[in-house]
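Shared chain: subunit A. Partners: subunit B in the first complex, subunit C in the second.
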Partner chain A sequence: MRLAVIGAGAVGRSVVELAGEHGHEVVAVADSSSAVVADGANGPDGRTPGVDPDAVVARKAERGIVGDGDPEDALAADYDVLVEATPTTLGDADPGFSHVTRALERDRHAVLANKGPVAERFGDLRAAVADSAGEIRFEATVGGAIPAVSTVEDIEPGHVTAVRGVLNGTANFILTRMAAEGLDYDHVLAEAQDLGVAEADPSFDVDGTDAALKCVILANVLSFGAVDDPADAREFTLDDADVEGIRDVPGSTLRLAAEDGRTVRLIGEATGETVRVAPRLVPENGTLAVSGTQNIVQIETTHAGRLNISGRGAGGPETASAVLGDVGRLK
Partner chain B sequence: MRLAVIGAGAVGRSVVELAGEHGHEVVAVADSSSAVVADGANGPDGRTPGVDPDAVVARKAERGIVGDGDPEDALAADYDVLVEATPTTLGDADPGFSHVTRALERDRHAVLANKGPVAERFGDLRAAVADSAGEIRFEATVGGAIPAVSTVEDIEPGHVTAVRGVLNGTANFILTRMAAEGLDYDHVLAEAQDLGVAEADPSFDVDGTDAALKCVILANVLSFGAVDDPADAREFTLDDADVEGIRDVPGSTLRLAAEDGRTVRLIGEATGETVRVAPRLVPENGTLAVSGTQNIVQIETTHAGRLNISGRGAGGPETASAVLGDVGRLK
Partner chain C sequence: MSDAPDGIDGRSDNVDDPTPDGGHAAATPSTHTVRLELVDEPGQLLAALHPIADNGGNLLSIYHERGNKTPRGRIPVEVDFEATQDRFEEIVDALRTEGVNVMQAGTERYAEEVTLLLFGHLIDTDLSDTLSRIEACESASVADVSLAAPQGTEEVSSARLRLEARAGETETALAAVRELADEKELRLVEPLTGVEA
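Showing the complex of A and B:
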């Protein structure tokens, strides 16, 4: 497949670098201000040869741009799949939402790593897909390398009663370190920022917003998957989520919990009816008590009991792996 | 899709009962001596109406047969997907292998819960698929409800370096109980047999053969998935597996292990080069130390670190869930 990669952050760059290993070629790359589009001349097999992945990544590192073109050139290029990897935005979820709908209007596919459109405009996306020959997939929006969405899809959402888990590695790292070292939140946050595990402004992660967006996406999958007519489905957005982050978890709570063989994790849960994110007590050796930046997704099914999937929830190569897995699943 | 379900044990019966919930109809069912094929008259939408699932299951329970027809009637019926759920056989893997190749020769699909053909005749199956418009899928052969095969498939086998795990619930139950109660193997085996967790002849499970077959299947997936030309792939069979079961694990080993925070689990591991099953020491609160009849599959990837998937590895509804997930994934 020919990919147009929109977004040249860690995920976009990893998709550019790894696409070839999966048998795909990148024909266009765009960041917020620039683009590169592969030479229009037909390659030996009659197809447009792709961009040079190493050159694009190097150019971005050295000059801060991916090419001399305009982002519009990438959006208008001749591609099979648009990979939406621009930063998550809320509300109207633009520009990502418009990138996706434009691809669908052109009867192309879109694979998203950007949570915004899937969390905030799920109904509109579904409508755009219904009018298109293209499909959308969004495994990379929930749990990085963990195949959460495709597993729910295979079990069939009507047979899944809930999905819960640890969905934000930054918050989990902080809680793990607080418990392990008996340190308080501010101290561990600073450590996490030094390590690059937390951002300078960590609120998206520590306030539970990132975990909540992922749970909203899962709730939409469960809700729309359980009905035949999308008009009957309840659509979720971030506003529907009941969210509490980890800023107010004192070190004393963790010490008390440990005396009882428990610890605290930021747990998100989605059903077809509710979305909640909050710190919760869990058994310290139990399944939900993953450590460090690990994520875990726990899927409750009607016929197959509980499935637990844990792994790396974030990172360029990990998320790119999910994007390229989705490209492979397009029909 | 119209399903012909061959095999009316726990898995076959569950597929018959659950197919309707997944939007499929069962048009034929066969056990070793009988069959029922849906009325040939066209239903209101022009399609052959399916068999009555409850009636078929009840007939099997009361009379030991599924219908008044001959198994040949089911194999010759007009179906889209043949579900192969007859007991695993080794070597030539017949009759299961022939059921599958006959479906492929008719350009139909086959979904297997029967491990025999996939473990013992993988190369021959691949050749039969190459000459057919039909596909085969076999998620249900490894880890029951755990999406092991489809996860490896999505990551792409060339990007998976190893798959390991606890793949036999009977052996795991026995080891869990030995460790928890300080009892010896014979005592716990008897308990497992009373509970129906172990068979009267438990050797297939406790000698590691079942786990080994699952690992052989995974090794075949990794091996064939890593090359472009099947002729270049190494084919694995049960004979290639290095297998040690749990009969010789004494209670004393478990007690000694516990003093060091460890326990013993029957671990199977497959790479593109080797297959090994043996009891191994693992941290008692670690990921591989699943309890009771649970299974866990651990996938080592090149770009996405390690994924762990745990859940129910066996059971009628659980395995049927995997079969019906596969039907949904057919293109």
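Showing the complex of A and C:
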């Protein structure tokens, strides 16, 4: 497959670097201000030779740009799959949403690592897919390397009653450290920021928004997947989620939990009807009490019992693996 | 599924139970526990066991708490047995017909236990009022409370509550606590009920 990678953050760069190993070719890369598009004319047999991944990554590191072209050039390039890896935006979910719909209008596929369009405008995306020969996939938007969406699809959404889990590594790291060391939130947050586990503004993670977006996406998968006619499906957005974060959980709460063999985790739950994210009491050695930045997805099924998949929920190469897995599923 | 530590399975007829060990049909015997209150006289225990055996219950264990008396001066006895749901109900009826005082029978009283955490200004918002209002809720009773107020009573403190809920009413009990927490601006950390496997 020929890929146009839009967004050159950790995920976009890793997709550029790892595409070759997965048998794909990157023909265009764009960040917010620049682009590089492979010059097809120089390719053997009229085939584009693809852009040089190392050169793209080096230019981004040294000069902050991926090439000398305009981002518009990458969107207009001759690709099979557009990889949308720009930062998540809420509301109209642009520019990510427009990047995806423009690919679909050209009957190309789109693979998203950006949560915005699938969390905030799932119905609009489904409508665009219905009018296109292209498809969309978005495994990388939920749980990084964990195959959450594709597992739900394999089981079939109509046979999945709920999906829950730990879907934010930053919040999980903070809760794990608070419980293990008896430290307060502010101390552990500063530590996480020094380690690069938490961002300078950690609101998105510690207020539960990031986990909620992932649950909203899963709720959309369950809701749309369970009906024949998309018009019958309930569409979820962040506004439909009941969200509580971990910001004000005191150390004493974790100590009381530990005295009783339990701990607190920020748990997200999605069904076809509800989305809820909140700190919850779980057994200390239970399946859901993953530690550090680990994530876990627990899928409750009608006929196949309960499935648990844990692993790395974030990171460039991890998320890029999910993106490239999606590319591999497209025909 | 049911969070019953004493093996009371009030939902043994739930064929939709998605757990791997679930899906018992109504005809499958499950383990039940009854707590009886016996007068301290010879022959009382045997008289209490007859209705169980006679109605198809398979006795598993008998715990005769001789040292421990109920406020009425009687002896509590805990009996575990296997029976189908239908037979279980017949057994409880038969015990009562025989005049045996059944304190707790399987699904009747507090069969489910639920632990939750509250944090916030627990003391300022009158913790004892909070507890008595939970207690006043029909579905549950407060079995145990632990409080941690490391920064004094005027700062944020935490409490761990163990509630005993009637079978199938854990969700109702939690909803009552949720409402109370909202009203008092306390944060509630709910357990993931029905998930602890």
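In this text, the second predicted complex is superposed on the first by the 328 of 331 C-alpha atoms of A that agree within 3 Å, B and C clash if a C-alpha of one lies under 4 Å from a C-alpha of the other, contacts with A are read in each partner's own complex, and residues count from 1 in each chain.
One rule holds in what follows: a contact is a pair of C-beta atoms (placed from the backbone, for glycine too) under 8 Å apart; a residue touches a chain by one contact, two chains touch by 3 or more.
Being a predicted model, the structure only gives us computed values, none of them experimental.
Q: Scan A:151 for contacts with subunit B and subunit C and give back first, second, both or neither.
A: The answer is first: A:151 touches subunit B but not subunit C.
Q: Of the partners subunit B and subunit C, which touch A:216 in the superposed model: first, second, both, neither?
A: Neither: A:216 stays clear of subunit B and subunit C.
Q: Could you tell me if A:244 is touching subunit B, subunit C, both of them or neither one (first, second, both, neither)?
A: In the superposition, A:244 touches subunit C alone.
Q: Counting only touches as set out at the top, which of subunit B and subunit C does A:175 meet: first, second, both, neither?
A: Neither partner.
Q: Tell me which partner A:253 touches in the superposition: subunit B (first), subunit C (second), both or neither.
A: Second partner only.
Q: Identify the partner contact of A:278: answer first if only subunit B is touched, second if only subunit C is, both if each is, neither if none is.
A: second
Q: Now for A:287: first (subunit B), second (subunit C), both, or neither, which partner does it touch?
A: After superposing on A, A:287 lies in contact with both subunit B and subunit C.
Q: Classify the contacts of A:18 with the two partner chains as first (subunit B alone), second (subunit C alone), both, or neither.
A: first
Q: Based on the superposed arrangement, let me know which partner A:301 touches: subunit B (first), subunit C (second), both, or neither?
A: A:301 sits against subunit B and subunit C alike.
Q: Pick out the shared contact residues on subunit A: the ones touching subunit B in one complex and subunit C in the other.
A: Residues 287, 301, 305-306, which sit in both footprints.
Q: Under the touch definition given earlier, write down the residues of subunit A that touch subunit C in their complex.
A: 161, 164, 244, 248-253, 255-257, 259-260, 262, 264, 267, 278-283, 286-288, 298, 300-302, 305-306
Q: Enumerate the contact residues on subunit C facing subunit A in the complex.
A: Residues 18-20, 115-117, 119, 146, 148-150, 156-160, 187, 189-192, 195-197.
Q: Over in the complex, which subunit B residues touch subunit A? Could you list them?
A: Listed in rising order, the residues are 18, 21-22, 144-147, 150-151, 154-156, 158-159, 285, 287, 301, 303-312, 317-318, 320-322, 324-325, 328-329, 331.
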